[in-house]
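Two complexes come next, and they have one chain in common, chain A, joined by chain B in the first and chain C in the second.
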Partner chain A sequence: MNDMVGIVIVSHSKDIAKGTADMVRQMVGSEVRVAFCGGDPDGGLGTNVSLIIDAINDAWSPKGVAILVDLGGAETNSEMAVEMLQPERRNLVVVCNAPIVEGAVMAATEAAGGSSLEQVRAVAEELSAG
Partner chain B sequence: MMLETSTANGEIITGSVRLIHAAGMHARPAVKLTKLAKKFHAQISIRASEAADWINAKSVAKVMALRAARDSVIEIKASGTDAEAAVAALVDLVATDFPDTGQ
Partner chain C sequence: MTPALLHRLIVAVSDDLIAHADELTALDQAVGDGDHGVNMKRGCEAVLAKLEAIGAQPLDEALKAVGKTLVMTVGGASGPLFGSFFMAAGDALSRDGKLPENLAGIFGSGVGAVSARGRSQPGEKTMLDVLCPVLEILKAEAGHPDLIERVRTTASEAVARTIPMQATKGRASFLGARSVGHVDPGARSSCILVHAVCDSLEAEQ
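And then the complex of A and B:
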């Protein structure tokens, strides 16, 4: 099988991040790499740059990684995480402007078909374009 | 369930199948249909009623938005080298109620 774009889910809540990843695995299948992170290290709500970097590296694929986020800080911290990646990986990671659950399921469905990172992002973002 | 071949305008393969899934064309069936459609090179369109516009079967957002109810008839049309196999596979997927493929 060809490489598939990986998916990273970043929520303020670890439960939401994990639940979204479960939905992707159950609905789309386990052939797409999915990683998630959420919550601060003390168990509260929040997002954390180094955990996001770990998740990106976990979901890594030569075709790239699409990140789905929930609110404000998840997006800015994800962008910061991308900036801190190894230079050769930076251009292969995008933060999608899409609702986290629907975007993750649709992005993973597109990724499972072997689509490029740009196609995966476009499918996830179709939801907010309408 | 039927398959029909029309050679009038290129080769367009069509099929139709009744949706027996209890919940209709909701999220999980939509994902399965889209994933299967993407395995073929053919251009594949579906619609859930004669009055509806054809939509791209490879677009998960559009397939999910179909909201086809149980017992509606899904029409499928495809053109391209593997169109016949694509229509047969998709008809089979719907007719067998979207079985888990173990992927």
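And then the complex of A and C:
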């Protein structure tokens, strides 16, 4: 399991994050580590740096972690979370510029084949390139 | 800065932002997702809950602690934005900090961090449209006897100038031209913060 890039899903809604993770597990299988989080610290809609850090650590793999986000604050908070990781982990986490559901499925599919973090990110981001 | 003044500054800024939470939420309902007031309130309450621990530290460490608390508790994009401001200002103060001589440089480090975090520039209807004009006054009028009053006026005028701007960053950018005609919520909360600091420093004189 440790030789596949991990996937983190960050949505403003915990339901969307969980549903996306469920789709990834069903379509790609459970060999790729997938963690998700959503909601603000009071349980409302929003994103939360502390939960994102926990999710990154849950999905951790020596090959790195790719994060899929929904709207602006999820991206800003994810970038902040990456900077707050232990220094040796920071360069092994990327925030992908990709649609959250399709990006998560594509990234996990690529990760399941043992691809590098950059390959996983590139496959997810092709979706945005149109 | 004395521990007593630091204490008063933290309380004044937090109380003022909490008191304006409904106004900030109403502004954000017009151009954003309506959570700015409640998010800032949550962050400020978390800072106040740590008041004794934060207020007992030297100013540079206190700024970093305030920033980190905001990052971890605010919830929206404003957490990393305001948090980065305080963390970068604290770092700058640790590096080469002499106050008030380097006030503009330290404030400028905070503004630079906001710009980098949000990948944004002034003129895009964001908090930078208040922070950058304030920075310019701090640079231009350093040491001026009326500096506090000038900063206060600059911040108020800068908030008003966000009304005709069209947002190109953040959630408000989804509205396109419909974002025109509203005060930017982040500019308003930045102004409240700046005014609270001005009030506390003025009361000190």
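In this section, the second predicted complex is superposed on the first by the 128 of 130 C-alpha atoms of A that agree within 3 Å, B and C clash if a C-alpha of one lies under 4 Å from a C-alpha of the other, contacts with A are read in each partner's own complex, and residues count from 1 in each chain.
Methods note: a residue touches a chain if its C-beta (ideal position, glycine included) is under 8 Å from a C-beta of that chain, and two chains touch if they have at least 3 such contacts.
Source: prediction; values computed, not measured.
In the superposed pair of complexes, A:Asn48 makes contact with chain C only, with no contact to chain B.
In the superposition on chain A, contact is made by A:Asp40 with chain C only, not with chain B. Within the superposed three-chain model, A:Met106 lies in touch with chain B and out of touch with chain C [touch as defined at top].
Legend: residue contacts after superposition of the two complexes on their common chain; A:Ser30 is shown touching chain B, with no touch to chain C. Of the two partner chains placed by superposition, A:Ala122 touches none, neither chain B nor chain C. Once both structures are placed on chain A, no chain A residue is touched by chain B and, in the other complex, by chain C. Residues of chain B that touch chain A in their complex: 27-28, 31, 34-35, 38-39, 58-61, 64, 103. Residue ranges on chain A touching chain B, taken from their complex, read 27-31, 105-106, 109-110, 112-114, 123, 126-127. Remark: chain C residues 33, 35, 38-39, 42, 71-73, 75-77, 79-81, 83-84, 117-118, 170-171 touch chain A in the complex. On chain A, the positions that touch chain C within their shared complex are 40-42, 44-50, 71-73, 76-77, 79-80, 84.
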